[in-house]
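Okay, got some structures for you below.
Each of the two complexes below includes subunit A, the first together with subunit B, the second together with subunit C.
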Partner chain A sequence: MANIGMLNAANAVTMPLGRTLPEGPRGKKPRKRLSRGNIIVYGTLFVVALYYALPLYVMIVTSLKGMPEIRMGNIFAPPLEITFEPWVKAWKEACTGINCDGLSRGFSNSVRILIPSVILSVAIASVNGYALSMWKFRGSEVFFTILMIGAFIPYQVMLYPIVILLREAGLYGSLTGLVLVHVAFGMPINTLLFRNYFASIPEELFKAARVDGAGFWAIFFKIILPMSLPICVVAFIIQVTGIWNDFLFGVTYISSPDRYPMTVQLNNIVNSVQGVKEYNVNMAATLLTGLVPLVIYFASGKLFVRGIAAGAVKG
Partner chain B sequence: MTTTDIRPQTGRSAAVRRPSRLLRNLSSKVAMLPLIFTALVIFLGGTIWTVVYSFTKSGLLPRLSWAGLDQYERLWSSRKWIVSIENLAVYGVFSLIGTLVIGFTLAALLDRKIRGEAVFRSIFLYPFALSFIVTGLVWQWILNPELGLQHVVRGMGFESFTFDPLNNPNIVMFGLLIAGLWQGTGLIMCIMLAGLRGIDDDIWKAARVDGIGTVKTYIRIIIPMMRPVFVTSLVLIAAGIVKLYDLVVAQTSGGPGISSEVPAKYVMTAMFGGQNLGQGFAASTMMLLMVVIILIPWAYLEFGGKRRG
Partner chain C sequence: MTIQNPSVSIKHLDLAFGAVKVLQNLNLEIADGEFLVLLGSSGCGKSTLLNVIAGLLEPTDGQIWIKGENVTWAEPSERGIGMVFQSYALYPQMTVEGNLTFGLKNAKVPKDEIARRVARAAEILQIEPLLKRKPGALSGGQRQRVAIGRALVRDVEVFLFDEPLSNLDAKLRADLRVELKRLHNNLKNTMIYVTHDQVEAMTLADRIAIMKGGKIMQLGTPAEIYGKPQNLYVADFIGSPSMTFFKGTLKGDVIAIPGHDLPLGNYDFKERPADGTPAIIGIRPEHVMTGDNLRSAPCTTEVTVDLVEPMGSDTLVYCEFGGETFRIRMDGQAQVTPGDRLTIGIDPAAASLFDTESEVRL
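Now for the complex of A and B:
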């Protein structure tokens, strides 16, 4: 507590040295919560927080208004009459090209892409990380290095060769093809995550299992996997938000508008040039698309932070 | 590159015949097949393929008819490409500085042992969970000149107030920048905060004993100590800038006119819109070159230096 009091007297320079170091908690209570420095800190944070919170607020408010109210008024004003019509319309009726069955189609496509991609990429990345940290072989580090360098290459460089690969495999334009692309591009970050996590597992544990005659897969399933729940959750969060938010791969590898993921469909709905712009429907659609990652974000709390920090700092 | 001391088949008695090199540690190799395929075929092979085909006359379909540097000459004489590069430079410089300054400042403020840190942190970071499409569309709406921010400020009595970046070719990149910073600074703030938390409290005590002010301590002592964190942030931001694509598509579609085109969008249009594959390959090779230019000094500093020291 005393520590806070001292820090709060922000500019310690102004204080004579001797007084900051009394022998015990004597003298006046450190009630300097609203010092000048503190007001600046909280004031700045508050103003910046407004800038960050504003778009979410505008999305919500706009999506609950009727079009006449939007044309008349102020985008920051709360709705006078709350209506859920725009949400229903965005979900069920909004048009992209000839299809007028709303974002629900994109949502189901995105779910059908998301589930296999996430499961596959977490599974593959965990095995990769395990092999890379405990079963190294000649060349394994070279492959890993190439993979990590690949993470920095702009996607555009690899887009067309993958089109050819998918076409050869007969998967171009299908959801399966897109799933494989997501698995490939999610591999660097997740493999790195698992590799670093497994590197911290004591070697003795591994050696003991070897002595007992356990092989590659036995050790993985019986010892390593049960220990790796936290890192699996982190990888899961990274993959869900990353794949859900993808636009580039969806627009490149899906050939028919029926199968577009939600982000691509959303962009087509909002940026379509035909018809009258219905801003409330657009904002409802935008919010609907952002809902999945937002829920993941607010539900996972610290794990989300740990996930991105682990991925970023160690990379 | 001799790898580990725990190679499975080697430790046995000498009587057992050593299995061939390739079969040793076989399950590990089999398990890594997806990784090996991704690294060698997709990442390495794909990159080499694109670079090679950027020297061909490929149009509608890729074909190996040599064209030398023709595609590059065409690329650099294209007005749209030049605009794209200029835009990326403007966006890049401001985004780099803005993200670092805002990210560090917010982290430093949150590190002042304030109340409600968790609340502030989640507010600053939530945009990072959203896609660039969502980000672009929200800001397109807020910056809408007829109904958005400009309209509201004018309604408050400032009749001549003008802020319409999305309709003004001269400042459209700043409209994108506002959205880009909103989305990306939270991540850098988190990384910086982790860096600040890693700094020993004794440093602060020593600075206070020496009578150094808070701001001065940050600039003179803390920031130099956080060099690795800054370098990581720099690389992350720079790699993200080169990829800039979805945000532009959602927020401005490259307009007004071609005033907010970016290289990634040029590539996509050439490859999938214009069926002009050679141009797409050449442009994406240039993007690769930009990343290489960013990464090589970093890799040299990070890894080259260590090995020698």
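Now for the complex of A and C:
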């Protein structure tokens, strides 16, 4: 009996349920972890990631060192003695021209610019996109094209005319003026974003709502907007990072150092020429300035990716 | 045919997108409680016509009357219509109940009235257990029921259906078709139903309007459309597989087609054309007689079987005859193989004759 059993085992693989299969490959194909392709792919990824992360590493490390340690010149070496002094100094005491109260002033200015600009631009762009995709009117395509052309005109061309416009409106140099500029310049790309997202919503949904007696705003608020979270997040992130990182408009349309946004103030700290260059303070200031977009990306990364792939999102 | 107090009437309707005329001088009267099907291939203007009736598209010219009122310029919600769409078009962020009540809330219907109507619709469509769910958690058939429910709660005179069953699989489509028919029998509302599926059209309709190029080619009961198609297009469109057409010439009591003279016997001519008129005769596959039925056939002939398609319930046989590929429908039990000789019988009374020039029924 034992012999027969062994013979069977030699000819076929016995399976628990009693099924037998002829010998040879079966089931899932085994894959080598350390194949040449994998080594190349992961190796390249590692090198690229390192290359990309290195400057950030240097910044963080340097910002945690004291000046004597920095003078030793090993920029890649981790700090021997961790100090948060440069961070405190950058936030509270660093000098920008005449003021010596650090970046905190710029931060509050930037927040006061950011919040109304983002809310206004996302609100207006979503209504724009909705009207242009669902309530097509005579000339809506032309209107949209004009708006798109706006996106391709270099900012530099418009800098001075806007200075004049703001001056005539009595808004030059004020935060309100800068908010209006941000809202205007964010309009084309965000309108495009919303329009394309709304265009992927089936037209029949819109028709059904009209048969149900909903008007322009009812359809927008009760049906379209609840479906639009991903694209709202995308627009929100684009606007937050864009406006927060803006330097050109901040330096052009704000006349007084008291009202400079954080980026402009950072530039003034880093480029101030009196005394010793405090690399650690500069790096800490830069990191502080970059913190807001960084937090936004970390907090909403997943939603962002989902929104970017929004064409595939169906209610 | 004029209808007393039509429920919906369409008067000299034109619709053009730029230079493209989608609907041309279209007239249609739909009786109260009638089930009318607009049938045609894609691009024939049937969905466009439905959208114009619903008020979702503006006509270039002409009028729409619903229940004796001119609603040409009225908003969709003011027309007393409910509409069901192919893609269901349920509001994805609302529950089934939210979907059903959305229109009523917009119309500021009192709360207890809303509850009453939702309960009634849910009962008729058997969707009570689904009321708290979102559309994403429903199957296709359930979604379409909810979509019908949304039209139902509006308590309207006229229901508009835009290919409501086209997104469902074959079995569910057949089930819902029967349910729709039952629903119409119970509610007795006027229903206008757009489809490209002739089975749906034949089974559901009181009358069918077959459209092509923005015009109605024939308007009639399913039996009229099937039995006496008024032109070549309708004859070719209805029936699956479609009629086989033979070109020939009228000669006394026969039509001469290549190689054969088919006697016309008791064909019901509208007006007897002169001898020598070129004509087209169309014969439905199911009207070709074989086997025992041959005895009642006015004329018989023999053909060679070319190809056989067994379909279970019946068998389709293809053969060469009169210069065309002749399609014959036989019994499902028929034992035929390619190469067999087959005796067939033709009854001209069941055939259709068309003028070669105008393609109109003779």
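Everything that follows uses one rule, which is that the second predicted complex is superposed on the first by the 268 of 315 C-alpha atoms of A that agree within 3 Å, B and C clash if a C-alpha of one lies under 4 Å from a C-alpha of the other, contacts with A are read in each partner's own complex, and residues count from 1 in each chain.
Here, a residue touches a chain if its C-beta (ideal position, glycine included) is under 8 Å from a C-beta of that chain, and two chains touch if they have at least 3 such contacts.
These numbers were taken from a predicted model, which means no experiment stands behind them.
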One more residue to check, A:Ile70. First (subunit B), second (subunit C), both or neither? first
In the superposed arrangement, which partner chain does A:Leu205 touch: subunit B (first), subunit C (second), both, or neither? second
After superposition on the shared chain, which partner residues are touched by A:Thr62: those of subunit B (first), subunit C (second), both, or neither? first
Let me test your reading of the model: by the given contact rule, A:Pro226 touches which partner, first (subunit B), second (subunit C), both or neither? second
Look at A:Leu171 in the shared chain and tell me whether it touches subunit B only, subunit C only, both, or neither; answer first, second, both or neither. neither
Who touches more of subunit A, subunit B or subunit C? B
Thinking of the overlay built on chain A, is A:Gly213 touched by subunit B (first), by subunit C (second), by both, or by neither? second
Return the residues of subunit A at which the contacts from subunit B and from subunit C coincide. 207, 210, 315
Provide the residue numbers of subunit A that touch subunit B in the complex, in ascending order. 3-4, 7, 10-13, 17, 20, 37, 41-42, 44-45, 48-49, 51-56, 58-59, 62, 70-71, 74-76, 124, 127-128, 130-132, 134-144, 146-147, 149-150, 152-162, 164-165, 183-184, 187, 191, 203, 206-207, 210, 215-217, 241, 244-248, 252, 263, 266-267, 270-271, 279, 282-283, 286, 289-290, 293-294, 296-298, 301, 304-305, 308-309, 312-313, 315
The residues of subunit C that touch subunit A in their complex are 51, 54-56, 75-78, 81-83, 85-87, 89-93, 102-103, 106-107, 136, 147, 150, 154, 162
Residues on subunit B engaged by subunit A in the complex (per definition of touch): 1, 3-4, 6-8, 21, 24-25, 27-29, 31-32, 34-36, 38-47, 49-51, 53, 62, 102, 105-106, 109-110, 112-114, 120-135, 137-142, 144, 147-149, 151-152, 155, 182, 186-187, 190-191, 194-195, 208-209, 211-214, 229, 232, 236, 239, 242-243, 245-246, 249-250, 253, 264, 267-268, 271-272, 277, 280-281, 283-285, 287-288, 291, 295
Would you mind writing out the residues of subunit A in touch with subunit C in their complex? 202, 204-205, 207-214, 218, 222-223, 226-227, 315
